[in-house]
Amino acid sequence: MNRIIKIIFLDILKNKIVLAYTLILALLSWSSFGLEDNSAKGLLTILNVILFTVPLVSILFATIYLYNSSEFIELLLSQPVKRKKIWLSLFLGLSLSMVAAFFIGAGIPLLVNAPDSVGIMMVIVGCLISIIFVALAFLSSILTRDKAKGIGIAIMTWLYFALLFDGLVLFLLFQFSEYPIEKAMVAVTAFSPIDLARIQILLQLDVSAMMGYTGAIFKDFFGTAIGLMVSFMFLCLWAIIPFYISLKKFKNKDL
Amino acid sequence: MKNIIFFFLLFSFFLQAKVIEVGINKPLKSIKKAIALAKVDDTILVYKGIYKEGNISINKKITFLGISYPTLDGQKKYEVLSIKADGVIVQGFKVINSGYGTLEDPCGIKVYNRKNVVIQNNILDNNFFGIYIQNGTNCIIKNNKIKASGKQEQLIGNGIHCWKSDSLQVTANTISGHRDGIYFEFVTNSVIWRNISTHNVRYGLHFMFSNDDAYISNVFKNNGAGVAVMFTRRVKMFNNYFEENWGDAAYGLFLKEISDSYIIGNKFSRNTSGIHMEGTSRILVEKNIFEANGWGMKIQASCMENIIKNNNFVGNTFDISTNGSLVLNTFDGNYWDKYEGYDLDKNGVGDVPFRPLSLFAVLTENNPSAMLLFRSFMITLLDKSEKILPSITPDNFIDKTPLMHSLSL
Amino acid sequence: MIEIKNIYKKFGKLEVLSDVNLTFNKGKCVALIGPNGCGKTTLIKSVLGMVIPSKGDILFDQKSILNKYKYREQIGYMPQIGRYPDYMTVGQIIEMMKKIRNSDAVLDEDLIKAFELEKIFDKQMRTLSGGTTQKVSATLAFLFNPDVLILDEPTAGLDPLASEILKEKIIKEREKGKLILITSHLLSELDDLISEIIFMQDGKVHFHKTVHDLLQTTNEQRISKAIASILKSKQ
């Protein structure tokens, strides 16, 4: 397995898009930390990067890469290599390179400029989001043979989690504001990895507001150790389940 | 220097007045007997030991000194020390375990309708009320360490409780674990200076119907609900620290029905709300730092003619929030770290006005659960478009001269 | 060596293989022929595990291949259209395959020499012509000295010279007692190569005969003629 991961990892590293992604992240992070004397603006910039850019690049790049390596997959399949191994190697190779790009581009400036709980939480969550959207890319690319369709599904997935889902939640919040829906809303966030990630960062970034006024729902769930663990468990599930489904499908795929 | 003068005065005092010693190794072992023996202007010296004498009442003008903190134990049954004479000095005692009661408010040390009483350098542990000044005038409460471990509001009294008094000085005390750290009701012309009030169950400072007071350079940190100042006129709040008061109804500083007052040079840091204002008028909020609060200031629609100028708002989740659309307050020359305008003429003042009220602050005011969506891309978009074309937020809620750089405060 | 038992395969509603039963033995060179879309490639891919049959079983050395992969160490496969990662060079591809196989068997580099692949080792795959790509595919199929060779239209796109080299190589390997499976349209190419012939039509095996049998029953000298006469007599 290691041999194949190595081959894939090296192949991705040679890819100019990953290089550009890393550079852009680094440029954005360093400059936004450098502009102000406090780290707040830099943190906000990186927060938006984590919630917006990282998912988009991860899912798009991974989907396109998977379609482009269909030849490679076919080649490997005629060789004495397990299907599971091929798919897992691709996943690990892609996740690893996306995480590496995020870590080098945004993680290092974060840890240098904000070496506190906020910075660390952002690095962890950013890496998780990278992996989750790579996993979603695997799912979207296994659903259809058509490259254009697959990329379309990937973009729709991203759009849904980055934008539409929040719109839906906002709508629900105001539609049912007369009812005690706080707890239900907490449960609803589990359905979007971006929301889970965002709330974990918020709890560190806006701790005063989060622990206070609107506290009840946050403090009683997300603020506790159990809440933290449950949130991270859900984030991990968001990576594992899409990949697992895609693996099941890949095992029975005809090439 | 001060100490030398003090001891010199004390020494000269001894010359003319009698000194009565109380201690385990002394002929006199009872404080109560010593007080009975003493005459006006005498000094009673109490040596180290534990004295369980029930309620000790001082009914003549004496100096009551503890050497190496002798312990006065109320055994959870009695008010430990009652002062019922003018000009009494109580110094150097460790007062513990006052009784508990909801009708009588038993205290560690209580002053009954007296003047010129000095209570200083004492340690008060585990009392229902710490120090209680009832109808006192010109009293000094200084350098006391007052501690309790209250969990519920109903089961614990206040650290320093002053009622219907005038010209008090409350200086350099540390108070923790009481219901309210310092409580002022109907107290006038007094000063609260350099106290540290932390971890109290309700308020660090609770202040009602107390006109013409000043509180200066105090630290209020991590109290259940911060500091409340209510129904008062002409109060001055200078250079205090309000920190880490977190909770559903916790405020760095809660103002209700306050007028003609000054809030200058304070620092509000990491509170759920820095300042919460209700029905206040003609207040000057100047040169304060609002830093890393959930809400920098919450200004309810019932406030008017307040001036908020030359403050720094840095790293707050929301700088300002309000519950209405009427704006009768003035914002002027503040530094807002969320300001994104420009300064073409380089005069240090932004060329476009700043709207400190964000759309989302208004949304969460109506629907607190919406906080769940804060900083999501969707909300950021809404906020930006609202900043350009205000539709929900009042359009005169505005700082016309936002500063480009933070003030050095 | 390879037994195909009651294989069915459907792509959606389209039935590509229907109840195929075949046995291939060592030392044989089997040609798989039939019109376009008759299921030849699907059958080969099923043996390789690239296509998973809807029903039935395939045995390799008496063991089922379903969900197995180890048996592929003994198969060399040359696809009809070789598809390789665009940006890898010929040399990198060969190196990568060596790494993936990780076998300690003696490498058979005859074809590298015969096709003079060393000269183009540093060329990227996307720059190669169809014929050259086929040369690479053929080389990879023979490289690890497998017991079974599966060649899908091996000579299509090759120039006559290369095609001749490949044929010679196939004969050489057959002599070593290997099983060789070939699909082809060009019946004339097969004459001196093959020992058995399978004719497929509409996903079914039409007949499976030795070349000797076939020529005898039809009284023909050449395979192409023999097939033609069989097809005629059917109509």
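Order of writing sets the chain letters: A, B and C. Residues in each chain are counted from 1.
The criterion applied here is as follows: a contact is a pair of C-beta atoms (placed from the backbone, for glycine too) under 8 Å apart; a residue touches a chain by one contact, two chains touch by 3 or more.
Chain identities (UniProt): A = ABC transporter permease subunit; B = Nitrous oxide reductase family maturation protein NosD; C = ABC transporter ATP-binding protein.
Small disclaimer: the values here were computed from a predicted structure and weren't measured.
Visitor: By number of C-beta pairs in contact, which chain pair leads?
Guide: By number of C-beta pairs in contact, the leading chain pair is A-B.
Visitor: Determine the chain that sits nearest the middle of the structure, using the mean of its CA atoms as its centre.
Guide: When every chain is reduced to its C-alpha mean, the one closest to the whole-protein mean is A.
Visitor: Specify the chain most distant from chain A by Cα centroid.
Guide: Of all the other chains, the one whose centre lies farthest from chain A is B.
Visitor: How many angstrom lie between the centres of chain A and chain C, each centre taken as the mean Cα position?
Guide: Centre-to-centre distance between chain A and chain C: 43 Å.
Visitor: I'd like to verify one number: the distance from the centre of chain B to the centre of chain C, where each centre is the average of its C-alpha atoms, in whole angstrom.
Guide: 89
Visitor: Please work out the Cα centroid separation of chain A and chain B, and write it as a whole number of Å.
Guide: Roughly 47 Å separates the two chain centres.
Visitor: Can you tell me which residues of chain B touch two or more of the remaining chains?
Guide: In chain B, no residue touches two or more other chains.
Visitor: In chain A, which residues are in touch with two or more of the other chains?
Guide: none
Visitor: Under the stated contact criterion, what part of chain A meets chain C in this complex?
Guide: Counting only chain A, the residues touching chain C are 3-4, 7, 11, 14, 68-72, 74-83, 252-255.
Visitor: Chain A touches which residues of chain B in the complex?
Guide: 246-248, 250, 270-273, 292-295, 314-318, 337, 364, 366-380
Visitor: For the complex, give me every residue of chain A touching chain B.
Guide: The touching residues are 36, 38, 40-41, 44, 47-48, 51-52, 162-163, 166-167, 169-170, 173-174, 177, 181-182, 185-186, 189, 194-195, 198-199, 201-202, 205-218.
Visitor: Would you pull the chain C residues touching chain A in the complex into a rising list?
Guide: Checking each residue of chain C against chain A gives 11, 45, 48-52, 69-73, 75, 77, 79, 83-88, 96-97, 99-102.
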